[in-house]
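So, here's a batch of structures to check.
Paired with chain B in one complex and with chain C in the other, chain A is shared by the two complexes that follow.
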Partner chain A sequence: MTLKLFTLLLQAAISTVGISLVSIAIGFVIAILLSAARLSGKAIYVAPTQLFISFFRGVPLLVQLLLIYTLLPVIGINVPSVVAAIIGLSLCTAAYQAENMRGGFESVPKGLIEAAEVTGLNPTQTFFRIRVPIALRLTLPALVNEAIMILKSSSLVSVVGIIEITKMAQDLASSTYLPIPIFLSAGLIYLVINWVIAMLGRYAEKSLAGTSA
Partner chain B sequence: MLKKHLVKAALGAALLISTALSAHADALSKIKEAGVIKVGTETAFAPFDFIDAGEHVGLNVDFFAELGKDLGVKVEWVALPWDGVFPALEAGKFDFVAGPATITKARLERFKMTAPIAEATVAILKKAGDKTITKPEDIAGKAVGAGKATAQLAQLQEYSATLPKKVDAREYVSFNDAYADLAAGRIVAVANSLPNIAFVAKQRNGAFEVVTPAFGKKAYFGFIGKKDADSATLVEYVNAEVLKMKKDGRLGKMQEKWFGTTFDTPDEVNDPAF
Partner chain C sequence: MMFDPQVIIEKLPEIGSGLFVTIILWAAGMIGGVALGFVVATLRRFCGPAVNLPLGFVVEVLRGTPFLIQIFLLYYGGPFVGLMLDPTPCGLIGLTVYSAAYYSEIFRAGFAAVPPGHVEAAECLGLTRMQIIRRIQIPEMALIVLPPAVNLSVILLKESAVLSIITVPELTATVSAIGSQQYAFLEAIFLLAVIYWVLVEATDRLGRLAEHRLARLRFSKA
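Up next, the complex of A and B:
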């Protein structure tokens, strides 16, 4: 195991981290929208939301990625590998994050929402100023958990042609015949990245705990 | 009323986009216009295509670099697991497949293949010094590995049926995984094309040995393009490049560089042995 090989793994880590973080952020926004649609209580919004969540939670991410990569061109949308990877991860994590947030949204005290309405906030204001902040604070640990899951799941995106940590490790292991040090290093890199995510999550929890919602 | 208009507008836009994207144009002129040819491959097929300490190298890389020079375009590589390469070609993810792939009847039905770039006849790779395997038929009843969705696996299965005891054929995501399992002793042999296993035996100095003669039917490797009308000129061009490089000695030099030997290949294979 030379420094050169380790540097190559670190370079591959850039695509792992980049694709995962972008996907988690996009997934977060979609999850908030899904939650809003579900809280509206109107069947026309709720039904598609349920369908979305059950599809993206129920179909393996690997299958989703292959579908997005090879199915979209059939309807005339030919996206490059990196976009296909981000779409796949984002939609999948959106479904999970929306489910995580549901618990948070359901725990917002009814009285608070009634109070918001009485003070004249419209439903959109109530959603973004009352419900979202409280729900997020309650579901932050689950969100950090999901971020770590997605970072690890991103090892699947090599099936659509992305060279990330795992794929690079496989390529290096088969050309250098040094599987043990290479896979150990790859594992170590994942561990460090996830440790950083966990620390950031803990920091965010602490700073949110100090504020009043 | 407004909703109806919106729906109409959205449908119209979708229609415009899809026609713009699927507008029929000749693949070769599209590549020239874009200044880049996209080539799909699997980077676990040494010495045609592999990652050598982080660098993508092999006969494919040399060949398409020359082709890019002749055509005046850049070469962009897309690396996928082998069983994902053909679906992605059909989905239009890239213009051509390097691979290379064994020229077989089934593939010719679905794709266009170029003139051979090397021989592909399948033989056995065993652990060095394994005295239980001295000829191909010795693999009867034993565990032998090959890559998933490969012609080599099909050849192994066909050969297995002719043996007194069937071979326990194991399928691997890539041949590299099969070599690793051979080294670890989980299988006793790997069935792959001669140029590949000769290279592996040389690389892993002394760990593996090639068992001769080859057991498979005589076969050749070619590059793969799409069969539709738009791709006709592109396939023709790549095919002409293979023949041109064969004639001016560039292909021979590449074979010498990667296999340590040259192959006597025909200019076209219209009726493969399987």
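Up next, the complex of A and C:
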């Protein structure tokens, strides 16, 4: 395999990383909102949240992506396919991240929340200043795993024609008749990116462990 | 959106066959994955670093790359090394190997979680090696291994949808083909989502039930 092919795969990797990062970030924000809705304890917020989480965790991502691609134009939203892919990935990872955060939120000591209330913090302040920071520290390892999952899952957006590592590898493999070296290189690139994410995660855990609660 | 249930009812036999293929692939992939994963975990634990390190590397590679890439490598790369596979067997091998990597990690954690004191205590009480494995190690492992194993089988069911990309005639491929033929793609995909959702929720509940049963069994006999 020539260097040129490998360079093309590396260029496509930028799009894989970009799509994954944006999706994880958007998914993270949605997950925090979902957690807030769930913690409110009011049925009108809790029930739809549970339904959302159950749906996006219960349906294969490929099917979700197909659904979003078909649904968006029908309801009159015409966006580029990259945007649709990011919406799909974000909603899916939001459900998973919210589920991961649940454990974190449940292990925030009751006493701390009571103390916050007694100190005069309102529910919003208590949520963002007390619950979120403590819960997030506990969910950081799960978040790193989720980032790795999304990076791998982003290969599915190739199905709708977005040029990222997998789509590029597929195109190159069919035009050069070199599927083995090309798919192996693609796999290697994914492996290296995941490795970097895992290392950053361990570094973040270590530096967070040093700070006081 | 106009929803015409007639379209779906006419195609029920086809959808049923797609569902059947998905369930067979899922079950076979799971059984194969558990078996292979158990072998890998056992080899890694008991056969020294010469076996542990290379196997660990393979497991890391399988866990660190997308399933789709692995399937493409097997399906499109296979013929170049004399491995001509039809889509369905290719998908089955892919699912088995992929899940074996994850199952092996679950079993590894299971092995590691049985406290050595329990095994020593059993030895002191005069239990034979087989008795220790059957009555101490496997029951203790089962309790630790079950929740992540159920989780993984749900993931496996969802990953099997990816096999539609290499034209395995499973649920996703069947239902989306019906959708395109009937110009009812959105309805078809909705139906598809609901079928998977029901399957996943059912598996999840069954798994939780099994966990409760197992936990009760264990504590009532203790």
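We take it that the second predicted complex is superposed on the first by the 213 of 213 C-alpha atoms of A that agree within 3 Å, B and C clash if a C-alpha of one lies under 4 Å from a C-alpha of the other, contacts with A are read in each partner's own complex, and residues count from 1 in each chain.
We adopt the following convention: contacts are C-beta pairs under 8 Å (C-beta built on N, C-alpha and C of every residue); 3 or more make two chains touch, one makes a residue touch a chain.
Small disclaimer: the values here were computed from a predicted structure and weren't measured.
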{"item": "Residue contacts with chain A in the superposition, chain B compared against chain C", "value": "C"}
{"item": "Partner chain in contact with A:A169 - chain B first, chain C second, else both or neither", "value": "second"}
{"item": "Partner chain in contact with A:V74 - chain B first, chain C second, else both or neither", "value": "both"}
{"item": "Chain B versus chain C as contact partner of A:L66, first or second or both or neither", "value": "both"}
{"item": "Partner chain(s) touched by A:E117 [first = chain B, second = chain C, both, neither]", "value": "neither"}
{"item": "Which superposed partner A:P179 touches (first chain B, second chain C, both, neither)", "value": "both"}
{"item": "Partner chain(s) touched by A:S54 [first = chain B, second = chain C, both, neither]", "value": "second"}
{"item": "Contacts of A:V159 with chain B and chain C, given as first, second, both or neither", "value": "both"}
{"item": "Contacts of A:Y190 with chain B and chain C, given as first, second, both or neither", "value": "second"}
{"item": "Chain A positions touched by chain B in one structure and by chain C in the second", "value": "66, 70-71, 74, 158-159, 170, 173-174, 179"}
{"item": "Residues of chain A defined as touching chain B within the complex", "value": "4-5, 8, 66, 69-71, 73-78, 81, 158-161, 163, 168, 170-177, 179"}
{"item": "Chain A residues within the chain C interface of the complex", "value": "54-55, 57-64, 66-67, 70-71, 74, 148, 152-156, 158-159, 166, 169-170, 173-174, 179-180, 183-184, 186-187, 190-191, 194-195"}
{"item": "Complex interface listing, chain B residues touching chain A", "value": "17-18, 21-22, 40, 43-44, 46, 50-54, 78-81, 84, 87-88, 90-93, 174, 176-177, 179-180, 183, 204"}
{"item": "Complex contact set, residues of chain C against chain A", "value": "1, 60-61, 64-70, 72-73, 76-77, 80-81, 157-162, 164-165, 172, 176, 185-186, 189-190, 192-193, 196-197, 200-201, 204"}
